[in-house]
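Next come two complexes built around chain A: one with chain B, the other with chain C.
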Partner chain A sequence: MLEYVLLMVFVVAVIFSIMIFLTWWQITQLSVEKTNQQQERVLSFIKSFIESPYMTKENSIFDDGKLTALAMIPDSCEKLRGVYGDDWHAEIMLMDGKPLRECGQMTYPDGSQSCNYWSICPKQTAKGKITQIVPVNVYRRIGYVLNVTNHVLPRTYLGTLNVTMYV
Partner chain B sequence: MILFIIVIFGGLAVFLLTFAKTFGQPEYMNLYTHNLLLSVMRTDTGYTDSRCRLVSDTMSCAFFESDWRCGGNGPRCRSLINTTITGYISEFELIQKSYRYLLIAKPEYLSGGEVINPVTNQPLRIKIGDLSLEEERVNKIVANEQIQKTTSSGPIIIKVQLILSQKKD
Partner chain C sequence: MNVYQVFKIVLGLVMSFFILFFLVNYAGIYSEIQEDTQRMMIISNFRKAVQDVYLTGNSVTFDDFSRLDFNIVYNGLVDPPVIRSGTGQTIIRTPMVFVPGEEVMIQREDLNFGWWKFGFVEALPEMTVLFNPMDTGVESRNIMKSIVGLFPDTTGRTPRIQFGFCDGNTIKKPCDSGNSFCESYSFMSRIDSYTTPASKCTANLGTGYRLVTLHASCPSGMVQKGVCIVPRLPGAGYGYAYLNGSTEFRLYKNPLDLFALTVGDGSNIYGPVADNLYHNVNNAFTKELLLMSEIVSQRSKLVSSKLPISDEKGECGTYYSALWAALDMMPSITSADGYYNDPAKVSELVTELNNAYSAYQDLVNLGCEYSVI
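Entry: the complex of A and B
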């Protein structure tokens, strides 16, 4: 009789373990699914951003003139949010080895006021965020100033696009 | 017996979690690798003469005019392509910390044949990075690009491949 009771206890314990495990697994899967969907959202955003005619010269090549113009238009962020949705922040940085200096009305591609960083839409304070970084190019109309002829040549720099999505 | 059940369930959970994690990132890394190769090829080297202006120009020069000195008395194309690509790729934090890379470039005629080095009688190749990656059987992320150039021997396509593989911890 005691053996049957022990066996029953054991079977019930196994059934409970399976139930707990399956519930836990389901919760974990939902969490993984949510993270994957968020990452897919960031990727879709990046793909459309690097093709945006508002900011790029061609696919993945940002135009510094367009970026600086965006930084100077007061309601540019609202307009971009109308296209790309809310809850994001983007930064484009040149990899020129110089300290970061934000581009705006009072900065220029060359000389002592040179800049190498554009911030598009302000950062937000949210609990969760996902940041993805991809290599891009930045095209500057004023790239080289030739000493002999004083000609100005454009230059394509290596850079990164950092996109943060707030979740 | 209870311990036995816990061990089995624990093992199963770890296995399932590993499986879920492995398939979570490939699309991002594909985009990253492709954009890395494309961006590096389109970046200026710092020299303004037409043979050395962009990394892709210098790549072509390294194959067909390897003794050309960029900027008059600067480095030779072959040397510049090595230092520029190594320097540019190493600037990316993700690569520095977690990935090994190998860049392979090979010129081909439009008709499809490989360009042969007349001295060594071997196909022309430029390889930059971790050479062991080419033969290793590990998970790799691969991006391909083509550069079209016209040389004295006719139009050429340079096929450039970037291979990334995660560093082992």
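Entry: the complex of A and C
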């Protein structure tokens, strides 16, 4: 009789082990999938951002006028979150070697005091965050290149897009 | 056989039954969880494919829906829009015209308003669109071309999306000397050659067909299947369309409205699919229009206040004013729910969109602004 009981205990133990293993495997896979999706979300977000009609002149070239206009619209962050989802913060800064100066109504390109920084949606305090920085182009509607007829021509500058996703 | 042996057999049977029952139950639950997980992964892949197509403009075929049974419904009226499958749902923010099927062709299209391009993705299964041109005037032909122009050309690809005509009880295949339906590019050239008005389509159409009738008598409910479009009057910014014999109209103001009414077929939990698609695209269009018009209006005010000395004639400033005056009208025009089916509001919207288009083109022509490409 004892050998049957032992056999039974052994069989049940094996079955439970398999079940625990399968459940653990499932949870691990979901966890890995979640991490992958978070990474993908950041990359998708960046791709969407640098091709967004709300902020760019054409694909991959930000328009400083649209960026500054966004900064002047009071609830622009809420509206952009309706498009791109919650829990993110973005900064665009020109690589001009000058101290950062945020763009707005008063600081929009104006000679040597030109602004060079846009912050879209406030930073948040969250446990986890993923940050990515990518180089971007910024088209400046009122640039600083004078041609022979003294016309002020637009110009495209190099900058960086700094995106933080809160997870 | 003594009592003890009988007891051992009964105990063994009972234990075996319990273990077997437990295992079968667990396997069932595990299999269901696996299938649900796979379904969510397939929908997540679909969302990714839609976003990639939206961002790159490269069309793709997505056939993962054929792997499992799906009961997918896309709801673009909630914020944010979702795809529902069973009890699960996935947020999908890309503007989209989605008709579920085992294999769908995903493609990006744009509507260009001069100062802004509204981009959207269409995800369509295999279908054959039949036009029943009971009216063959210039406007009817333009309507057919604008609808066909939004479909992908599927030559050499799957799923096939093809076009033909319906005249009375005859389905006409206009390509290969009347032996096959046409792809979108080749069908375009056949539209102009169709000059004799067709009779009302009475052919027995299966589920893969979409019928588009063009006739002035649509409001009488004369066409029981598909969409019936009344050609626009010359100069009118909008027109009327009727679904499945209904006498209730749906206004169209751009090719996207007609496209949504054309591709939808059958019903789901939200009602007729074509009607859902019509509301979905208008909801996405309005949302993007409002934000874009606010940004571009604000930008126009900002830029014109800082115009360089070179604009000494003040021409740029004049057209910037015209641009933001038109754009600033958008919130009041679109404020009411379902404004896109109100003739007065749609007329106003089309007028202001045209004004904004003209003002922006003048700015481009003067060198004050860049072309939206």
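What to note about this one:
By definition in this document, the second predicted complex is superposed on the first by the 125 of 167 C-alpha atoms of A that agree within 3 Å, B and C clash if a C-alpha of one lies under 4 Å from a C-alpha of the other, contacts with A are read in each partner's own complex, and residues count from 1 in each chain.
By our rule, contacts are C-beta pairs under 8 Å (C-beta built on N, C-alpha and C of every residue); 3 or more make two chains touch, one makes a residue touch a chain.
Here the structure is a predicted model, which is why all the values come from computation and not from measurement.
In the superposition on chain A, contact of A:157 is made with chain B only, not with chain C.
Contacts of A:48 after superposition on the shared chain: chain C is touched, whereas chain B is not. Of the two partner chains placed around the shared chain by superposition, chain B and chain C are both touched by A:40.
Once the two complexes are overlaid on the shared chain, A:136 sits against chain B while remaining clear of chain C. Contact with neither chain B nor chain C is seen for A:7 once the two complexes are overlaid on the shared chain. A count of residues in chain A touched by chain B and by chain C gives the higher number to C. Shared contact residues of chain A with chain B and chain C: 29, 40, 47. Chain C meets chain A in the complex at residues 8, 12, 15, 19, 22-23, 26, 30, 33-34, 37, 41, 44, 48, 51, 55, 79-80, 91, 93, 116-117, 119, 287-288, 291-292, 294-296, 298-299, 302-303, 306, 308-310, 370, 372-373. Of all the residues in chain A, the ones that touch chain B in their complex are 10, 13-14, 17, 21, 24-25, 28-29, 32, 35-36, 39-40, 43, 46-47, 50, 60-61, 95, 132-137, 143-144, 146, 153, 155-160. Residues of chain B touching chain A in their complex: 1-2, 5, 9, 12-13, 16-17, 20, 24-25, 27-28, 31-32, 35-36, 38-40, 42-44, 48, 54, 88, 91-92, 94. Only residues 1, 4, 8, 11-12, 15, 19, 22, 26, 29-30, 33, 37, 40, 44, 47-48, 51, 53-54, 57-58, 63, 65-66, 68-70, 72-73, 76, 79-80, 82-85, 105, 108-110, 139, 141-142, 149-152, 154 of chain A touch chain C when the two sit together in their complex.
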